[in-house]
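What follows is a group of structures, each given as structure tokens.
Each of the next two complexes has chain A plus one other chain: chain B in the first, chain C in the second.
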Partner chain A sequence: MNTRISMTIPSRCLNSTLKTTLALTTVAVVIPFLVGGYQRTLIQKGLLWIPAIFGVYILYSLLRQVHFGQSIFIGIGSYLTAFLAGKYDVTNELMILLPATLVISIVVAYVLGIFITKRTGFYFAVMGIAVTMVFWSLVYKARAVTGGSDGISHIKHPNLFTISLNDLGLYYVCLFVTVGMILLMLRILNSPFSLQLRAIAGDLDKAESIGIPVNGMLRLAFVIAGAYASITGVLLAFTYNYVSPSIFDWNYGANFVQSAIIGGVNSVAGPIVGAFCFINLEFFISTWFANLWEIVIGLTIATIVVTVGEEGVTGIAQTLFRKLGRKLRKAQESSDKHGK
Partner chain B sequence: MLSTLFSYVFNALPMVSYIILLSFALNFVLYVAGRVSLTFAGVYLVGAYVTVSLGTSMLGNSFSFPLFLAILFVVSLLGAAISIIVYGGFERFLKTDVHRMIATASLLLVFSGLIKLKWGTTPVTYSTPFLKMGSTEVLGNFVPNYYFFMFGFAVTLMLALAHFLYKTSWGLKFRASSLDGDRAMAQSCGVNQNIVTIITFGISGMLASLAGGLYAPIAGASYGIEGNALLLAALTIIIGGVGSIGGAVLTAFIISLARVVTAVEMPVLELAAPFIIASTTLMIRPFGIWGKEFKH
Partner chain C sequence: MVNNEQQPLLITVDKLRKYYGEVKSVDDISLEIAQGQVLTLVGANGAGKTTFLNLLTGLVRPDRGEISLLGEKITRVSPDRRAKMGIVKTFQLEHLFEDMTVFDNVRTAWLSAAGKHYSLFKDIGDEKEINEKTDHLLDLFDLAEVKYTLVKNLGHGYKKVIDIAMCFAMKPKILLVDEPTSGVGEEEKYRIMNLLMEQIAVNNLASIIVEHDLHLVKELSKETIVMCDGEFIAIGTPEYVFSQDKVVEILVGKGF
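And then the complex of A and B:
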């Protein structure tokens, strides 16, 4: 069985990870003043994808399960926002919307998780695809409630503590929420919970025999991924100002898995790198070769999986750094010998 | 009352046939070759589009039954060829189930992107066979003859496959290499696993493209039908279990009847009905109603 146990971050490196996060956050805080509005929206979209990809990451790197179903929860978050802030005009206060979406998505994820996590592997993946297509068809057919294929537009601007946010304000809220979720995810990945998930991935029966509640842990991981995705969904609805049933397309859910693979699932920086690589790739290809997008991304992922496996960009970077380090050390040793 | 009941059954016939063929394409690969592969949905898509384009270009509005059968034959060979080429050139190198799932799902994107390049996203139709075959009156319902043709075709194929698997010596070799048997033992007894896997993928591609080709005169071919196909095949596997031909046929009936009944009574729940059945089955019998507990 392929049980490559890879440490996401050893605890002694936590400080350097936090420092890197701080550095990147500072860059992200300053960037809106250096680039134009369109680039800022692109960066915002990339930031918002990171938590959703972390959901895929936690299920892949710790449990070796492919989670095609993140689109379910992004759709739930987006449609809830569209209903409450757009169509039914109940509230557009972020401090109400975010906790409400969190609670609703945790309940939905818990209920769906009972069925979806019953069998692992292939069956988990296709149940994810099935559930997201079921949601698609429900939303598409219930025209009176959801607007059907027209979708819902005219979502009001969000309010934060009753202060109305313009685009720049929304960018900073997205940045703040994303960084918070990344820090929380780092904490989760360095906890005994992640070790228990790794034990389940290693050998399910042995894990069960030492007392790990396998089903409960699987469901908890699924709920965490779903909660992350739904918060992303709320902010994405405000960013795009439009939701349509295509947010439940299984292709959209597959995009998150593809971003995770591009970024790499053996390093905690993988989802972040993967999000920005994917968003930029999507932007460039849709601008210049609009009708080749699916072929390009499909072939890219297929090639990456066959050649590099799941290491992705961060894995390649790690291998390069290691080889470079070894070469430098060898050069230093030989120069020491010759010098003497 | 009885005629409404039978109307549900007759209306479900085309969906039964197409689910039988599709789910068996996936089932066969999972069971005999022991590999996860999602390319059958892409082959389904190609089969539908090729049938439509061959039909409209070669036959147009006239209809000749032998030529239609010839088109279906060509489409099935094309499907088998695509499936074998994708296996030999690409899927062979994927080592774990997770890699196979992600890579074949991305390959589905490539298939639908290529189809979109050639035919765009507007649906194409070829309903001449469906219209020209007429309809007969059975038990108070006018049923198009094409439904009976499609159902008969699917059942014949399943019977042929069952005969092959259970009554021939090559079928014995296939069953020995399957999940029911022991692949390593079969190899050491002289069954060439490469040939078995290649033929398995060929049969799976043939079934998938025939599903697309047979269903094309009824539903046409449009962008995004491979997601639906993937969904239905996977739900059938979950409900019916891996490795049983009779189970696959009966599960196809269950799912199609559920969809047809909900499509008439409560259209909103049409796709939710198979999912609800699948969830219930997962709670009661996690390995499928006719499935066995394979260490998969």
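And then the complex of A and C:
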């Protein structure tokens, strides 16, 4: 059907994305049996970063806005978990914590969105950083409630439908939630909503002149990004058993922007690739050359930006695969000829 | 204002004013437009034509004065709401979604007109009705052959037509057309104008068309307004208007 060609993501591409997602999911399901506990935690962290990076992705790829404020919502999810499942010991039930976090972060994102989405471009980015810093300092100062710089530790293991989860159980919950959120994001990226977001990014005046409520739609995109990050926050808190104000540091929020750049913002695979590249890079560099992390990540991003730009690592991989495929096909053809 | 066709009143503009510092861009203008009434608006550069249109669409806020649509005051209504109410404008310089295909451009207008802004979970390919309407509109405006071309790869003339087609998706009551033929070749000019006038007539739209080509103005409209320094200095048939001394002086004197 050619009516589908001009969608946000072409349907051919979407199908292949779906297939790739399923294949990767299968790998992720099997992998805990092949690797040690430490590697599994690393993968789990990578999985959990994906929703937060998708928040950055939707705002950049559709609206061309750089979102530095994801740490606010990860922080909200993490601290809510730390309060309810740790400090005040109210509940450790995921089926309560996840919806509660969603509601709170949506409300917060909506209110912040009123201010942050008022301006676009440079000011949007700077507002994100500024608001994050306010949150950071509030959490840092409110020692009696948040534990200040000590943070909150001893968060209980989560329950799912009252069944207590062990580490492996939590891994599968993280996997399930992340895959679900990726599929939901694919849906959203291909919706009438997303097409109109692209229109807003294309020409604000024209969008308004054909009746698109620009402010409302920007705000909703911001809310979606925040909701995604808050889910990341809850599950990260359970993964680490610990939260600290450094979550609210805007440097931390910048990690998700950096991951998106590394992965590439031209393809829906970008955030997934970016998450694992970043997490692994961070792990290996800080293990072997503890003091070089900032330099390495800086150089990596600079290299990617200069060489492939928005394509990112995903773009490089796609080009390589295509070249490999062409070579294989040529080899096949020539061997066919020889066969005759 | 003469209203021969006895159609009901659509828009009332009452003592509308917009100054930019010392410049009187729109100076206490009053005007009544009936349904189906097609006006052409002429005047030298800087006479305030575009500002006047932008006041109607809400892109510019007036210093004072009122605008009503079908008896309802809309002076403080936002541009996107006014577009939904039926006041739609094409842009003088191209404002289109350059990185999207022609189909997606027009489809966006349909989606917006249908109010499907917050439709998050529906696949856009499943919006059958919208897609059909889009195809239909593309056919009407001879755009079917460039359906999947990115707008940025198209020429001036195409872009003007796409802009106009998108306006028609909004189901306008009044179409404000800002220099539809500027920067377009002579042949293309007439093609665009014919398409435009035909659709305006078919849909019984009111329209204000800003046009620099006086020959075109004479052919197109029964009523012409001449604007100078923020004021309407002559209103009437093109023959009457262009025979006025002060009009000739302004249009010729300023190198029009």
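Heads up, the rule we're going with is that the second predicted complex is superposed on the first by the 307 of 340 C-alpha atoms of A that agree within 3 Å, B and C clash if a C-alpha of one lies under 4 Å from a C-alpha of the other, contacts with A are read in each partner's own complex, and residues count from 1 in each chain.
By definition in this document, contacts are C-beta pairs under 8 Å (C-beta built on N, C-alpha and C of every residue); 3 or more make two chains touch, one makes a residue touch a chain.
Only a predicted model underlies this, so the values are computations on that prediction, with no experimental measurement involved.
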Would you check which partner chain A:Ser191 touches, where first means chain B only, second means chain C only, and both and neither mean what they say?
-> second
Once the structures are superposed on A, label A:Pro99 by its partner contacts, choosing first (chain B), second (chain C), both or neither.
-> neither
Could you look at A:Asp203 and tell me whether it touches chain B, chain C, both or neither (first, second, both, neither)?
-> second
Touching partner for A:Asp249 - first (chain B), second (chain C), both, neither = first
Count the residues of chain A touched by chain B and by chain C, then name the partner with the higher count.
-> B
Just chain B (first), just chain C (second), both, or neither: which does A:Ile261 touch?
-> first
In the superposed arrangement, which partner chain does A:Gly37 touch: chain B (first), chain C (second), both, or neither?
-> neither
Which holds for A:Gly325: it touches chain B only (first), chain C only (second), both, or neither?
-> neither
Touching partner for A:Gly180 - first (chain B), second (chain C), both, neither | neither
Where chain B and chain C land on the same part of chain A: residues 2
Mind listing the chain C positions that touch chain A in their complex?
-> 57, 59, 79-81, 83-84, 88-89, 91, 95-101, 103-105, 107-109, 111-113, 116-125, 127, 130-131, 135, 147-148, 166-167, 169-170
Which part of chain A faces chain B closely enough to touch in the complex?
-> 2, 60, 64-66, 68, 114-115, 118-119, 121-123, 125-127, 129-131, 133-134, 136-138, 141-142, 249-251, 254, 257-258, 261, 291-295, 297-302, 305-306, 309-310
Contacts from chain B onto chain A in the complex sit at residues 30, 36, 90, 93-99, 101-103, 105-110, 112-114, 116-117, 227-228, 230-231, 234-235, 237-238, 267-272, 275, 278-279, 282-283, 286-287, 296
Chain C-touching residues of chain A, taken from the complex the two chains share = 1-8, 11, 184, 187-188, 190-196, 198-199, 202-203, 205-214, 216-217, 220, 224
